[in-house]
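Structures given as structure tokens follow.
One chain, chain A, appears in both complexes that follow, with chain B as partner in the first and chain C in the second.
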Partner chain A sequence: MKNFFKACLLRGTPSMVLALGAGFVMASSADIRAALGMGAAVLISMLLTSIVVSAIHKFIPAYAKLPVYLLIITGFVSIIEMVMEAFFPIVVDMLGAHLAALAVSAVIYRDAEEIADHSGEWTSIKAALTTGIFLTVIMVICALIRETLGNATLWGREIAFLANYKVTALAGAFGAYLVLACVLAAIKKLTGAEEHLEGEEHE
Partner chain B sequence: MNIKHLLKTIAILLCIVAVFGVAMFGLNFLTGPIIEANNKGAEFAPLLAVMPEAENFEDVTATLAGVPESVIAIYKETTGKGYVVRAKASTQYSKEPMEITFGVTADGKICGIQLDVYTDSIDFRAKDANYISSYVEKDSALADIGTVSGATYSSSAFKTAVSDGFSALISNQLIAEGVKSDAQILQEMIPTLAPGMLKLEEATASGNIEKALKAGNDAGFAYVIKNGEASFLALVNASGICKVYDVAGADVTDAQSALADEAKAHAAASQKSYAEDLNTKITRLFADASEITALELNTFNTVVAGVSFKSNGADYYGFYSRSYGYNQMDVYVILDANGAIANLDAKAFFFDEEYFHVDDTVNLTDYKNGFAGQTEAGDNAMIAGATMTSNAVKQATADTFATFNAIKGGAQ
Partner chain C sequence: MLTVEMILGILLAGLLSDNYALLHFLGTGAVMENERSTKQSVVLGLGTTLVMLITNAICWPLNTYLLEKVPYLQTMIFVLVVLIVVEVLHIIAKKVLDNYCHADFVKFAINGAVLGLCIHNVEHHLSYVETLVTSLGVGLGLMVTMCVFAKIKGEPVDEEAIPASFRGLPIALLTAGMIALALLALNF
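Showing the complex of A and B:
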């Protein structure tokens, strides 16, 4: 079980290990609301995709898996985007094109292709949930650092005592890279990611 | 890949497309109206804030004639509930123009008003939290709407912007004009009849006095005063001289002498005298000044005290003007017998407060000496980068010459 969660953490943070999806992690980590919105979108699309893929993967020819999986992911992401635009328009404004770009995210495809395609429904659901939650937590941690220290705000509200000490660079692209790198370092230190990947390679 | 596999793949893809297509089609019925409402809400949010019952708006600004520059846009509520006006206004305290949005119902009354942008250094909302909301339910007459004490310029600009919005609606016959009360008409005459009474603040009224206003620069008092059913405007300057006007603007001081006496008595109880201050200044500027005699001022400008005196055998006239620049400007102007400036000084020029670099570039002694011999207000008073302060100095010299001429000519 411990290994399962560790694997999910590493898979859930692909941007930390393989730099996959780093773009949308950075784009959505400037504000906690955006991070939670993107996290929810990733979690739900990953979960629904995993359920559908694990249910129909036996009927899909090997050579057609890529377009079929991408079509499924795109469909779910479009539905999620429509719902979010209706009920969370502020978050959609914050995420901009990055929400739509989730449809072609390697993170979700990798989950669908590696887990759902080879495992049963329950394993897929469990993996999607765990991976999505970890990913959301990582984005929220990044957002917490960038929003409070970079913008002197929390949930869009000003933190008066930080207003004169904010490091505006943290709110921009440079800050996103910097915070991401720090969190990456922490994740690697905590999980021994390199050893894990090396172990995978030896297998 | 054989044909069978190819067809199977196409069928799967088509099935997926169909399933998602149907799902999104159905979902659109739920989310479509909400998304549309969200988009409209964002566009019209400031308009809906002042007219919440509105259903939709149409920008009609381009179709209207004679819209003042201060009016940014006028929106018509499409179901006939009224109009929303967006207007702007600036004062010397504005970093950028303040922006105001207010809704006017079809019967010409303000149904909601808000300040969208405000950068003035003095915040009238802090001085009077109810000022903006006091506009609600008012028609174009804006009855009983004054200015905020301590933020006169900003609140006055706010009121002017609202009036401009009403003017645009009225001139295009979109709403009917509100009827002004006599008291309101009389109060609106004050800036014309007593231009020196700046930053008027409400004072305690008594007797026949319906409304008492005290000039913030101590240049006098203005009263709306009643005689039976008729209302009059009584103006009392810093010297205690009173003039009474009717609603048509005619001088009726002689006919309403009882009202003038009542106004003078009310003013005398609160009027601050600057004569001693002026005398002290004159004795500092002219060590041998003698025969210092107070003058009766017949003007209603910023001059609050005047004296005549002798120095070195020559006649001089000293005047004390209280105009507003960056701050209150207390300016002393000494004229010779011919009405030419012999000396000019101020308690403080505020150049350093207005623009910090001006004090480094302006030689104050040269600036003051530059007025010597001048017989009318000129642009030598103006300093680039210190417009407000130097404008106040120019105003002080202009008012001094007007007062001197009134004394010499016996007319205002």
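Showing the complex of A and C:
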């Protein structure tokens, strides 16, 4: 796990990807079911978009890349939304407009435009998997902390011994920022990415 | 019929207690990765507000008269409208403005707040005027948030005072959290 995070961090994933995807990461980190649902949606849409974009990017003129890529992402996000609505309606209710807003997510668009557009299928699939899994892991960690400590529940079920000690601030907007900041700082500390990135800057 | 008090209330909610970027997490990415000066952030924010206004002005009738029968096409049509609006504004900017930034138009299109607002307005069954006022309020709220963050980022910071692992995005998130906490107080 440490090596995986390190690999992500060395590619500059957390600072760039989490800055761009901070919105949906925080929005879905209030409940572990929402985090897993959003994680799956991000991972699948990213993966499918990468495959399609890397396959057809040579036929798309430069001026049409933005609309074409966004419509490809929207198509996949709409399909995922409909499937989730059929099988996991609670998750769709929890995510609200954030699930549809994935269609214009800067993270998925950046992945399509900067990686899938310039490389082959395997490279873009690997990049999409790395980013998607990284974001899912971050969402799940944040959700575990926020749901158990903020709501005293896990997977929607009450944890009796935590009921009297819950920190309600963690369940709200402030909690989302606080937990994500702490998780990101902990990853940086554990992997020593700070020193590496600073070293890179000096070079 | 909307009264002046109601309009002011909706505008203030969009600016403060219902701030999309800080409290709804829509458009947060645009605020967090914004590296521009305060002045450029005002331009970016005004552009986003304009896109929001026009997009919602088109999406409301489309949803009311067309998409009610085909709700599964909602996201696709809304994204298409956003893209068309951004492209038309891009063409106009090319002809009218001497120095415009192409990257700004990409940012308008991939701003989650624009699409999120369209869906929010439709889900809450707002009237046409309410939709437009909400769009204006939310857009201005996003602009103010961008400017606040641009100003904070522009100020000299004693890096040594921040623990090494909290430098960069974590401290920016904590700052946003503090502002969100202050804005939450206005909800009561």
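Methods note: the second predicted complex is superposed on the first by the 171 of 203 C-alpha atoms of A that agree within 3 Å, B and C clash if a C-alpha of one lies under 4 Å from a C-alpha of the other, contacts with A are read in each partner's own complex, and residues count from 1 in each chain.
Here is the rule we use: a contact is a pair of C-beta atoms (placed from the backbone, for glycine too) under 8 Å apart; a residue touches a chain by one contact, two chains touch by 3 or more.
Remember, it's a predicted structure, so these values are computed and weren't measured experimentally.
*Asks:* Per the contact definition in the header, classify A:G75: touching chain B only (first), chain C only (second), both, or neither.
*Replies:* both
*Asks:* Could you say whether A:A181 touches chain B, chain C, both of them, or neither, answering first, second, both or neither?
*Replies:* It touches chain C, and chain B stays clear.
*Asks:* Is A:W155 contacted by the first partner chain B, the second partner chain C, both or neither?
*Replies:* The answer is neither, since A:W155 touches no partner chain.
*Asks:* Now for A:A101: first (chain B), second (chain C), both, or neither, which partner does it touch?
*Replies:* Once the two structures are laid over each other on A, A:A101 reaches chain C alone.
*Asks:* For A:A86 in the superposed arrangement: first (chain B), second (chain C), both or neither?
*Replies:* Only chain B is touched by A:A86; chain C is not.
*Asks:* Examine A:A173 and indicate which partner it touches, taking first as chain B and second as chain C; both and neither are also allowed.
*Replies:* second
*Asks:* Taking the superposition on A as described, I'd like to know which of chain B and chain C A:F59 touches: first, second, both or neither.
*Replies:* So A:F59 only meets chain B here.
*Asks:* Output check: A:Y165 vs chain B and chain C. Expected answer is one of first, second, both, neither. What do you get?
*Replies:* A:Y165: touches no partner chain.
*Asks:* Of the two partners chain B and chain C, indicate the one touching more residues belonging to chain A.
*Replies:* After superposing on chain A, more of chain A is contacted by C.
*Asks:* Need the overlap of the two footprints on chain A, from chain B and from chain C, as residue ranges.
*Replies:* Shared contact residues on chain A (touching chain B in one complex, chain C in the other): 67, 71, 75, 78, 82.
*Asks:* Please output the residues of chain C touching chain A within their complex, sorted ascending.
*Replies:* 21-30, 32-33, 72, 74-76, 78-80, 82-83, 87, 106, 109-112, 114-116, 119-120, 123, 163-174, 176-178, 180-181, 184
*Asks:* Would you pull the chain A residues touching chain B in the complex into a rising list?
*Replies:* 56, 59-61, 63-64, 67-68, 71-72, 75, 78-79, 82-83, 85-87, 89
*Asks:* What residues of chain B sit close enough to touch chain A in their complex?
*Replies:* 1, 5, 8-9, 12-13, 16-17, 19-20, 23-24, 27-28, 30-31, 34-35, 38, 42
*Asks:* Could you please specify the touching residues of chain A with respect to chain C in the complex?
*Replies:* Counting only chain A, the residues touching chain C are 14-16, 18-24, 26-27, 66-67, 70-71, 74-75, 77-78, 81-82, 96-98, 100-101, 103-107, 109, 169, 172-174, 176-178, 180-182, 184-186, 188-189, 194.
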